[in-house]
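Multiple structures follow.
Look for chain A in each of the two complexes below; its partner is chain B in the first and chain C in the second.
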Partner chain A sequence: MIIKKDRMGALLGTLAQHKTVFVPALIDGVSKFAPYREGLDVRFDLHNTKLPPKDLLFPQTQKMYRYGETAEGGHYVEQFDESSERVLFGVRPCDMRSINLLDDVFLTKGFVDEFYEAQRKKLLTVCITCAAPAETCFCESMGLSPNEAPDADILLKSCEDCYKVTAQTQKGEAALADWRDFLEDTQAQVLPGKTSLRLNFEGVPQKLSRMYEDPIWDEISTKCLNCGTCTFVCPTCYCFDISQENKMKEGVRFRCWDSCMFSEYTAMAGWHNPRPTKKERVRNRFMHKLCFFEERYGKTLCVGCGRCVECCPVALDITRLIDDIGASDA
Partner chain B sequence: MSDIQEAMRSRAKELLESGEVNAVIGWEAGRFENQTTPLITSQAAKTQRLVFNEYCVNNLGKYPRDLTAKGKVAIFARGCESRAIIRLLSDEVIKRENVYIIGIGCPGMRDRTTGELLKKCAECRHGDPVIYDEMLGEPQAKPATQERFAEIQKIEALPRAEREAYFTNAFSKCIRCYACRNVCPCCTCRQCFVDQRREGWLGKQNNIAENRFYGLTRVMHVGDRCIECGECERVCPMDLPLMSLNRKVIYDINNLFGEYETALSLDEPPSALTTYKVDDVEEFM
Partner chain C sequence: MPKITVQHGCAKAQLALVPKVAKVIKITVETPDVKSFRLQMPNGEASFLGEPGQFGIMGIIGSGECVFVISAQGEDWIEFTVKRVGQVTEMLHALSEGDEVFVRGPYGNWWPYEDCRGRDMLFIAGGIGLPPVRSFLQYCLEHRADYGRIDLVYSGSTYDELVFKHQLFDEWKTVDNMGVHVSLYHEDSRWDGEVAYTAPYLEKLAIDPMGSNGEGRVAVICGGPSLYRTGTKELLKEGYAPENVLTTLEMRMKCGIGKCGRCNIGGKFICLDGPVFSLEEVAQMNRDE
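Up next, the complex of A and B:
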């Protein structure tokens, strides 16, 4: 089955009648996943959106519940459920993998995050393979492939002027019913993608586990600004912080993305901070991505999307770190 | 530029080897074509990695703040770095005897993907260092190709509703990564109001109201101390027009107190907004 590229607009229009369909789009100079509507600057040609799709499942600000006093002097607590039927359309293999990793965090190891779960169940994923990865893409070095996305419900393999359509899950199979008018039963030549940036990740997590006290952290952290750019643009960074806002006799509890790069991330009562300087914060970010997560979940928390490489104001580059660690004899 | 690069390497090496400075702040090549990244090193051998080319986009001027606690540093300084250093000195964040300033004239820097002159460099009015201990190569006397307040006048001419939409739009994109604050040579408060969670000046939610409150408070804090280096706008991953905000404040200072431009020398008069004069304009009183 294939769908012609010039039929995509019509397909999106049809799908958007029943569900909110998030597509990669350019809005005010920033690319991100946005709800499809007529006139939106949809960009399936971008390798990667600047902002990852994690916001769909794990919003930057998420209301959790509200509480307050009732007129009778009792109290109430009401949970928010802002989940809805959504399609994530045109996600790339690296971002698809990031959702698999977020699933591990929010749904496994004996704790289920209800907010995440509610939205995850209502999400259909349609992944497009990458025929022409960007210069900063290194998914292949992280054990992924630009040509596959095993977790996606529907996979669109990039061809010259069409996509080859495959349902990979039952959910995807069922969803294809709505696509019928746009599909053609023809063969097409798939364009395989290849990343030009190659790293040697072999053995890096094991080496890192012995490098907690290594001088390398002093060296690479000196230029870091401790902004939150790298963590906010990362599709797999999942730290959050819960706060509340109270007004008179009612209040709302919500959670927001947090960043291990911020000084107050680890601030404790009495102003103790176990990660007092940039060195500890930078070490934590890289260790978490490339070593700790591996130890806990058996997977690497970096999917090689290249966003942090592209966006870091001082070009502190995770790919250089990986190569340096790989080459070291730690 | 290659002569300058050679001179940079040998001067940095000498300064470290003689023990005159404890660290050197410059640039080195990044992984990708036309990409550079700050190089901060105390090892003489590493000075051979220093580069100087048209893609040295980072203003290095904030680094002395973190580094001078450990001893004297040498820094390569173009106009923007030199003004950042004056900023840090005037704000008493660093001491003059702790920085050794090696001046370099700047022809303007380019975007690594498009090859175009950076917006901040097109707007820059002082490409050559305004303070230095020694100079490598000649001053470049690069002219600013953008009129300083052209953008402000354009925005001010918009009808009120459009002006509001312009800023609402901008702040709706902000992700509050605080890159603009952390890169800025003026943002040197020991504790930023943003991080004062107990006082709760700023809520953690990402929404237009909180984002705008952050953005406007930042610009008022930076206010008359902004050296117009344009780093905040360059590093913003969401492309917010931060220089329009900064220049609006400077534009108003100009109109209220006369022509104003800060951090051009060490003995300039006190900053406009922190000085009180009996004949100051007081329209609202």
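Up next, the complex of A and C:
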């Protein structure tokens, strides 16, 4: 089955009648996933959106519960459920993998995050393979392929002027019913993508676990501004803070993205801070991505999307770090 | 000698992020800046019960939350012991009996009280480190026959800083085969007991690491960073096996359920894998202190 590229607009129009369909779009010069509507500058030709799609599942600010006083003088708590039927359409393999990693964080290890789970169940994922990865893409070095996305419900393989359509899950299979009018039973030549940026990731997690006290952390952290940009644009960074806003006798408790790059992040009552300088923070960020997460979940928390490489104002480049460590004999 | 094994990541999913409302049914003033808060839900039940060493998160309705070990519990209540150190604890201290708070939990792992059966026990705490230690000690006392000799070494910098004085100086004095050793770091007009830091006091007490039955005494130690450093060093010097020394690790926490990401020490999340670890395990961690 294929869908012609010039039929995509019509397909989106149809799908958007029943669900909110998030597509890569250019909005005020920044590319990100936005709800499809007529006139939106939809861009399936971008390698990757500037901002990752994580906020669909894990909003930058998420209301958790409302509370206040009851007539009897006690208090009530009322949980929010703002989840809705959503389609993530046109996500790339690296970002698809990032959702698999967020699933591990929020849905496993004893506790299920009720807010993430509610939205995750209502999300359909449609992934487009990358025929032409960007210069900063290194997904292949992180064990992914630009041509596959095993976790996507529906996979669209990029061809010259069409996409080859495959349902990969039951959910995807069922969803294809709505696509029928737009699909054609024709063969097409898939354009395979290849990343040009190649890193030697072999053995890096093991080496890192022995490099906690290595001088490399002093060296690379010197130029970091602790601005948090890297964690903000990262599709797998998931740290959050919890806070509240009150109005009269009522209030809302919400969570919002936080960053391990901020000094306040680990400061304890009494102002003891186990990660007082940027050296400890930079080290924790990279170790978490490339080593700690592996110890805990058996996976690497970097998908090779290249966003932090592109956005860091001081070019603190994770690919250089990986290469340096890969080449070292730690 | 059977090995003591600390279980990790064993908290059973209960309240994740949304708290329950609970009433403060009793406040005990422990010291000038420490109070214990006994909580119960408005329907008369406990919000939850925990295993010895597990913690809960208590919050001011309309403000922040903080993490506290469940310092005591009954059938229909739980209690947290709170030192006034920051904004939220300041507000907690301003509460009166009958006020309501938010509470969620229980989180974290617990003291390996089953593996410790049959052993002699040495409990060591400094200042506000006693509540977590007491959660284990209390369990041993409730199952007195299952444990051997029990010693408690507790110190504070001033007389005022000592918590649970009633138990220290009355209740526990009468327990069979138990020694209570209290010291102050500094002279105090109200104090005619031992004046010593914890490590030298331990050295002086020379409590045999093998225990009376030769099985290896289990030491449990909680306190500030310097007590932890000097105390554990002393224990190892005296010949305690690192796997027989148990402690709790501390990091800043927000979620308590292993999601928000801030409490990690290396690959371990203290809120979920901890807070209880053996010294043997701590030694294998890459730590920011």
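As a working rule, the second predicted complex is superposed on the first by the 330 of 330 C-alpha atoms of A that agree within 3 Å, B and C clash if a C-alpha of one lies under 4 Å from a C-alpha of the other, contacts with A are read in each partner's own complex, and residues count from 1 in each chain.
We take it that a contact is a pair of C-beta atoms (placed from the backbone, for glycine too) under 8 Å apart; a residue touches a chain by one contact, two chains touch by 3 or more.
Predicted model, so just to flag it, every value in this text is computed and none were measured.
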item	value
Combined model on chain A: chain C and chain B, fit or clash	fit
First (chain B), second (chain C), both or neither touched by A:Asp113	second
Partner chain in contact with A:Pro274 - chain B first, chain C second, else both or neither	second
Which superposed partner A:Val314 touches (first chain B, second chain C, both, neither)	first
Chain B versus chain C as contact partner of A:Trp179, first or second or both or neither	neither
Superposed arrangement, angle subtended at the Cα centre of chain A by chain B and chain C, nearest 10 degrees	90
Contacts of A:Asp241 with chain B and chain C, given as first, second, both or neither	both
Broader residue contact with chain A after superposition on the shared chain, chain B or chain C	C
Nearest Cα pair across chain B and chain C, whole Å	7
Residues of chain A at both interfaces, chain B in one complex, chain C in the other	241, 243
Contacting residues of chain C [partner chain A, same complex]	9-13, 16-21, 42, 61-66, 85-86, 88-89, 100, 102, 225, 250-252, 254-255, 257-262, 264, 266-269, 272, 286-289
Residues of chain B defined as touching chain A within the complex	30-32, 35-40, 58, 63, 66-67, 169, 173, 175-179, 181-183, 195, 197, 203-207, 231, 234-235, 237-239
Residues of chain A touching chain B in the complex	28-30, 50-51, 60-61, 135-136, 222-223, 225-229, 232-233, 241, 243, 245, 254, 256-257, 259, 262-264, 311, 313-317, 319-320
Chain A residues within the chain C interface of the complex	64-65, 67, 74-77, 79, 105-106, 109-115, 209, 212, 238-244, 246, 251, 255, 258, 260, 265-270, 272, 274-275, 280, 284, 287-288, 291-296
